[in-house]
């Protein structure tokens, strides 16, 4: 409370807090009164509710809001088993594949190529969010079938985006991991529905989402009983025009300080230009990322989406041993990449 | 094409363009070759597709992508009739009400107060998107019933948010105008479904959405046959911490240059602090906004959400005649407000 | 202090604070200890110094850092007399003129035109900061002489930019008001030197300067004994590409809440496009700005700098009565503009 | 030109271009006219000058503006010899030291510690730009003397900031490399003066400077005949509050694509928190940075500035071998660090 806060003002706060089902602990200092608020659930907006009251000088939140994503009640790092792949362990996981599933041939050819280069999982979009309604929006369920076929032929687990609750069952029938795209990062009902679907979820960071807000979005998924959430930083919106987005590589250590969840880097969407993808991939691994998600296409110049940022097979082949070397330099491994590197 | 572009490179581009079902018009200059691309539909990503080809120097797009939202095929400004209210006409429209519908008493009391002060429509959230899953998330259908009751008692048309396709029918049964919140501004399947529902849609700007992307989001709604879209600027994410968001008042003239759709300003969410709401309201109207959307609460200090940015009844009463005066100064009217002002 | 803070940790803080020449006031609560720090000068970095100590839970600053710019010790709004013009009073002040002084003819012609339209002061750059060293950088002292001549012929006081301490004497010999450009807003030695020069200073906001940092920059000028500082918001850097910068119109009420200094809006640099200048000018005045600074050029298409954002004489003539009308609507006047408006 | 551009409009452009001392090359296509502009110097604002003319459809710039910083006329990467240190070569250069020179003891102790850990150069501020005029602003020339003494005792070359042209001679008398701080990155007269002073210059990126603008700032230094410029990325301003600034690690590959100048990373100012410095250091080196600039202090909790982001000696000792390992993983070396690593 402010120095001159009156008894009436103090009582007003106490009534307000108790009206919310919380308790008050009042320290009556010589110069001013401090009111401690205890109890659960603590409304996240309590700060703003209280700071507008007369006599309140400032509201300081002592405990963090990250019940499920934070370290407090989950002191071990989360690892997630997807087929043979263990995400969040010692090994850096590389997910690769085309932006969009365009055809059976394109997808299976890419799956074989990225597997040969050492990738652990296959990505590919069947339902595509596009800025304009007049763009190619994916093959839908046919795309999911193609991904499943690619998995059958290569053994690579698959990850694909789901955009709306109505598609969850269809996607769940095929995918190993759900992807929630950046634009849907605060589509809370989708987060809850996907949280109920019982498969791991990769949650990409929204383009203007603060890191704490991102963890709260992950809380939506986890609050439905799904502990298997993977975070993926893919660039944020800034004033700099030379990259499509600005890769916030600091997100890796910041998130790791706040949360036990695995965190990946998507250098392709961050850069928007394939020439930058290798440097950003290596930077992400060096910063401690648990994995990478990289766009690869058999003929990027003919891709129906994101061609400018997709690597060719040759470029991806070239990158993987470099990723493996940096992974080892920071005490991680990249098993498959190592295999390639030593080949 | 670049100066040294080879015949093979040029033919490659021509084949690529024709493979997309488009035509080429080649100008063979002395020093370099210019290839003009014509036809529809023009893939929105054509620029990126082509600029990665060998021999291409730069890709310049001559026509804009705004088929339905742009002026080209719709040279009159859009006006939307909602009950007695004409949005986008000479009169500035003021929508007011609480952030969340909390109770019948709170909502009806607010509806009467804002109507008395001259507001044209009532806002109130029944389904609330919240950053944390542990916050108050609205009364749901009970909230919609309360809003309908407030309309019955005051005659004010109502606007309320819909967050997911599954709720559209329920919300449509009560609301006059759908609101799509900033977090769902690129939730494309929701935009399409709400576009089919046959009622006007207010589309709030996403926190990091560029103005052209916002118009493309509106294209999603309009492409379903719904011409009645209202845009609402509510602040963008920047580095400045003294306001919750930064009101981009330039959005008003920029959008009006590109599109025939009405554009509103939401000073409450932009500012995040009630003391700033009057100045931003007046600035928005002076810049040419077609309307304002303002949060008002009978007791902001006790609001379950957004209390810090909600006006009291007295503050809203005080603001309305000032809005009316500025509206007249820029050649608009504020009928109800005028009534109050002259009272 | 944290709940479990030890006596040693508490004593460590007390010693640290006292070592800085400050006093401690310890409130020994039941559950935790609160240490109040008093004394002057309070190091601005005290928060960071203390929060890294063991046992410290959080540091909350009670008093603001704005000694000279804040309201606490200066409860009246600052007004500044420049010739016949009173800045910061009831009248909205309009400063207009070319970006750069290019020639005697161009400058004097512009001065006469903007005076006839009701402007109160003449702007014009003699020393121009340019992003590239290969751009036109102003006429230097010859430019100052031309400005002085324009003042002699029209009676308009002049404002022009000074870029480096070595130029202060030369500029002071001619100008009525110094302008510090956005790029030099944190060029602290320049701020101090210009603070000693005894003439009013307009301090433009840096492109990524937070509002509190801007006031601290003004403290540099004022700490040299110069109370006559005018702030000018001219757009900040954001992700939005449709305007050169994003006008932060909220800066007007936020600054007015924190400081007694007059605040202007520069719609020309914010917009970067002349078509947007009128709407932003009116928005600025409606938000409560004390003045406008607008670029006007006899032939913008031939301007050596900033042509795209400069108004023609006809456009400026058209704008001024509209500014006057909005000024009156918010309880201000625009004397000269009124004259024109009623002509 | 636009499709319907008239002969008069075309002639108008030609006259305008020729009036600037440039030549025109007109390609008269079937549907539209293309005007090529050739000659030097090409005004950097030519685009804006021309695009406002009637009949002009768009202006496309073919050549880049980076005369001295770009690869075109300087196809070898720049290396800079500073004492025994070769910057920009195979070895990653590590500069370390305190934010501010506070005392002889603190500086020499730090110099010895960072040298022992393998650092190549010593940093330390004698003239400090501070956001508030009431903060510690450095020891001035006494600070320079202390740095020189630290060099004498350790053999480490030194780098220190110069803030204003008047200080250049004093700083030049002591320093090996000038540092231009982020706030002065567009203080063009300072850039020119320091360009004349004949010693290498490290140019830190401004907080909201686009990469191309940064290179243009470097052009200011180089245009004075000084080829020895080092760029240093130190974080940009974004909406994310968990770090002091956002490290733009993509700046490394983007700059390396545009320019032959060496580029460093300053993880300390980017992070603002010491716990993040190691991850960002490794990320920078993995991305290809030519060096790091890291704040180290004997007792960060008692530092007069930037304590929260300074490493202790032990933390720096721990980091160096990790930097060396990542440097080797990307084909670089860190000689001194290697020595430590193998010790």
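We call the chains A, B, C and D, going by the order they appear; numbering starts again at 1 in every chain.
We take it that contacts are C-beta pairs under 8 Å (C-beta built on N, C-alpha and C of every residue); 3 or more make two chains touch, one makes a residue touch a chain.
What you see is a predicted model, and the numbers here were worked out from it, not measured in a lab.
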Interface with more contacting C-beta pairs, comparing C-D to A-C: C-D
Taking each chain's C-alpha mean as its centre, the one farthest from chain C: A
CA centroid of chain B to CA centroid of chain C, Å: 32
Distance from chain D to chain C - Cα centre to Cα centre, in angstrom: 27
Separation of mean Cα positions, chain C and chain A [Å, integer]: 40
Residue numbers of chain D (touch at least two other chains): 208, 236-239, 241
For the chain D and chain C complex, residues of the former touching the latter: 16, 41, 43-45, 48-49, 51-53, 65, 67, 129-136, 163-166, 183-184, 186-190, 192, 206-208, 213, 216-217, 219-220, 223, 236-237, 300-305, 307-308
Chain A to chain D touching residues, read off their complex: 208, 210-212, 236, 238-243, 246-250, 252-254, 257, 270-271, 275-276, 278-280, 282-288, 322, 325-326, 328-330
Parts of chain C lying in touch with chain A, wherever the complex brings them together: 25, 27, 29-31, 34, 36, 57-58, 60, 62, 237-239, 241
